[in-house]
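Quick one: this structure, given as structure tokens, is what I'll be asking you about.
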Amino acid sequence: MNPDLSVRIGNLVLPNPVGVASGTFGYGSEYESLMDVDALGALYTKAVTPEPRPGNEVPRIVETPSGMLNSIGLANPGLEAFVRDKLPELRRRRCPVLVNVAGASEDDYLRVLERLEPEDGISGYEINVSCPNVSHGGLAFGTDPALVERLTARLKRSLRSARPLIVKLSPNVTDIAEIARAAESGGADAVSCINTLVGMVIDVDRRRPRLARGTGGLSGPAIRPVGVACAFRVSRAVAIPVVGIGGILEARDALEYLLAGARAVQVGTGNFRDPGTAARVLEGIRDWMVRNGASRMEDIPGMLDA
Amino acid sequence: MRRFDTPVLENRELSRDYRRIEVEWPGDAGTPAPGAFLTVGVSGTTDPLLRRPFAFSGYDPREGRAAFIFQIRGPATRLLSERRPGTVLDVLGPLGSGFPDPAPGSLPVLVGGGIGLGPLVFAAREFRLRAAAGGWEAPVLVLGFRTADQVPALDLPEGSVLCTDDGSAGFRGTAVEAAERAAAGGRYGPDAPPVFYACGPAPMMAALDRRAASLGASYWAAVEQWMACGVGACLGCAVRLKDGSFARACAEGPVFDGTSIDWGAM
Amino acid sequence: MNPDLSVRIGNLVLPNPVGVASGTFGYGSEYESLMDVDALGALYTKAVTPEPRPGNEVPRIVETPSGMLNSIGLANPGLEAFVRDKLPELRRRRCPVLVNVAGASEDDYLRVLERLEPEDGISGYEINVSCPNVSHGGLAFGTDPALVERLTARLKRSLRSARPLIVKLSPNVTDIAEIARAAESGGADAVSCINTLVGMVIDVDRRRPRLARGTGGLSGPAIRPVGVACAFRVSRAVAIPVVGIGGILEARDALEYLLAGARAVQVGTGNFRDPGTAARVLEGIRDWMVRNGASRMEDIPGMLDA
Amino acid sequence: MRRFDTPVLENRELSRDYRRIEVEWPGDAGTPAPGAFLTVGVSGTTDPLLRRPFAFSGYDPREGRAAFIFQIRGPATRLLSERRPGTVLDVLGPLGSGFPDPAPGSLPVLVGGGIGLGPLVFAAREFRLRAAAGGWEAPVLVLGFRTADQVPALDLPEGSVLCTDDGSAGFRGTAVEAAERAAAGGRYGPDAPPVFYACGPAPMMAALDRRAASLGASYWAAVEQWMACGVGACLGCAVRLKDGSFARACAEGPVFDGTSIDWGAM
């Protein structure tokens, strides 16, 4: 039996459930010589904002127990440079490319989407309302259900895009299921979770935070139990697909998300440890499906005995 | 650039503080250059989580061996120090830009401090080998340490200068002072201007930056910055340039024109 | 120079800043033969509820990357058995004993405090409004600022106790600073943070959650960056002392909390790894203070360059 | 009960699946008993985080040595398998209750499966040594394995019964079947009723529970439950008893009157 690994999100069919997470894979070419980028289930780009952003002061990263903090700060060349310099190579990819979009206002998000909509080579959008590393927008949007619903509805309505719109959720909230329902009511085609948790590390010798910006976003295996719990709750709260993210290094980690209810996953920090992670995870999911008699991705969530 | 598991050939203590690991380096994995680096996956568990970067300290293409020198600083380097020959190491490289060749006629002065010594030992050997062909002067290698018991047991090229903060070995004083003296001792002048190559702790780099500026000398710096991916994807390893922009230490660097870097922001 | 390690919380002076966290140290006697319990800065008991609670089904614990999940479920012998069987031995302790109190309603909390107030041998109360492992009360209280303020105010007013009342905060909220301010407005003498993060681990071979209850509370070094960020934010939001908790294994971990603004700390999961943790952490804090010229605990927060 | 760092004296492979570690055990650390356990801190990093429990498989008070037998199952046991003699191990113990002595006149039948073999090998040796003094029959040790290559290289007491699921070594069948036969083969009857001592995987324990019930035999079970503290403080290791209450495997157990346990809830 050869399981069907494809996953449908809105009108889009992903060839397989294992994508790479925004901000951890650049625009794909960085990993070109290390793995088969075209074989990915999906490539989520670094966040694109209307204007170029240099990013935060350095240091921007610090390792933590089984995790890391980053405060990159949505560094990106901006919308126009993205279209000019990055999109041509992304367009040549044979894997679905989803553009992660960020902004400081509703208009910002809309501006990015409107500019990208006529461009080829983009399979979908992931709306980042959950970045903890910027002062305006980002996380602020993601913690208020009314704002999430309004933003999602506005983007869907104005754009009338055939491309799916995925809203990326923050774990830094009291009730992530409520935010997910807001995204769904607004018309989101899927939600992805989780973005990073707010964290801080202090250098006790130098008596200052390790990150120039003080706090950063915690990712990696340390947060996997939090991500799985979020995916579990969110997938019971909404009918749209859930994309599970957080601390995936191995196939069994991804399967935790899939059994919890996610339809697909993204590998983030895992890419840093081993660029072959996504491929290895996919292989392991396939093996598990064969062993456990799952023929399609949609079978997996129902196999949890909870 | 490739990721591969490769046998450890040697793991040797060089001094109280430094060790050297040599691994098999297959010819088709790319050519390690002085200034370039590799990253190492150190643990089968999730702590330490990230790969660790180390600059090449040598490469022998005929024998298929590459080496790096490291200092035990924290959990990853402690684990590395326990790796026995015969076990395999998870390696990714070569990564980053190497040191550019010295201009013909110039005197390369190589200044290393702390964990910066590996790439400069490597560069000294390379520049020496190719000095005649390249038309530059035989390089001078200057290495600085705190105390004598830090000084590594290494075959250094003839004419190398050792210095210690306390004078317990070699020249007493900083590597930058010694480097300036070495540059002046060379055929310093219009036909053999010095060019510095440097890698070391922030205070050393800042001192060199000031000295190079006052000498009007150019210099190449291999910087260290916290890295997550090592391949240019995460933007974690940003280095602030004097023009206000950021460059990635792992991709545009780790070797930069030293005068372009905003050392105050490091 | 011998630094003054004492910490004042309300009317209570703790001999030193290193306590052991509720639920990780039983009632003290369990660790008797392994360390000097009387030398602790504070001993926080397992939660006491009005009625006996058997706790959740098993398994109740599972290890995660640099952390663990527990779903003990506030298992405890109940208020009367606590007073009868546990308090006598706690009374003989030479370290401050703070009773962690939980309940399903405001009345529950009040009932426990009223019963304990006339009893000797108790130095203070820690109000657990943040336990993720029970279905009623617990976390529900801790996520709503109005409820936290009302509960705190009611307990302070009804009791008029000379003993300090510490409100223990949950990280599973959008804005922990807001909850802290609510506790302060209600009259809390201090806040402690953090309790565990909601997490889940799935056994992908057996296709069921590792914990009988599904989700549990994540503790250990994995959550330390989250705890430090919370302590940092909370200590800037309130004037009352903050007690830092989460992932402390070493003195440097505790110092992260103290530099972030906490006045004292609690060691939880660290006790499981090494029963000598609290003593080792205290020694390291003392050394650091000497090296860094801090003569009193109150000096430390101001030494952060942030 | 003490926590201490103690030298590893031996770390030996017993079979494809099992290893045995022996450590120095100072006399003032308390007396390891069959059924009791120790916990081991396995890592200097934070993953694995928690100590790991292992039942004693032997103790030699004169030589000051204690041992445990373990199976490589995950990260902690993998790290343990790499511990070299001469290095020190972070040990806490002895913990928990041991097996009670057999009643005078009874026939102790010791049944071990999987990682349960250590404590029963220990108990067999002890009960044998003290049989005359205690007035019970010489114990019968029954160990069950899946296949022959699992069977550990151990000196087992005379009269021990090995069985494998596939018959590739010893008796073909389960340990519980073999144990029942051994009990029947003894002077089974009113003057030498069998008493079972058991430790093994859940299906084995459930089978034994049924057999013991139908024989009206008593049995002592050493249970396994996930542990965090190992000393009774965290309430993580709860075991459901038939009366509906919970007991702590690490404090009231790990040895329980098997008939009191609600095996369905394990």
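Letters A, B, C and D mark the chains as written, and numbering starts fresh at 1 in each.
Rule of thumb we're sticking to: a contact is a pair of C-beta atoms (placed from the backbone, for glycine too) under 8 Å apart; a residue touches a chain by one contact, two chains touch by 3 or more.
Remember, it's a predicted structure, so these values are computed and weren't measured experimentally.
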Joint neighbours of chain D and chain B, given as chain labels: A, C
Centroid comparison with chain A (C-alpha atoms), farthest chain: D
Chain pair with more C-beta contacts, A-B versus A-D: A-B
Gap in Å, rounded to a whole number, between the CA centres of chain C and chain A: 34
Length of the line joining the C-alpha centres of chain B and chain C, rounded to whole Å: 47
Separation of mean Cα positions, chain B and chain A [Å, integer]: 36
Residue list for chain C, restricted to those that touch at least two other chains: 65-67, 220-222
Set of chain B residues in contact with two or more other chains: 46-48
Chain-level touch network, classified as line, ring, star, complete or other: complete
Chain A to chain B touching residues, read off their complex: 23-26, 30-31, 33-34, 46, 54-55, 57-63, 65-68, 70, 72, 75, 220-222, 249, 269, 271-276
Chain C partner contacts - residues on chain A that touch it in the complex: 64-67, 69, 143, 172-175, 197-202, 204, 206-209, 214-215, 218, 220-226, 228-229, 232, 247, 252, 255-256, 259-260, 288, 292, 303-306
Contact footprint of chain B on chain D as seen in their complex: 43-48, 75, 78-79
Residues of chain B defined as touching chain A within the complex: 1-3, 41, 46-51, 90, 92, 225-240, 244-246, 251, 265-266
Residue ranges of chain B in contact with chain C within the complex: 46-47
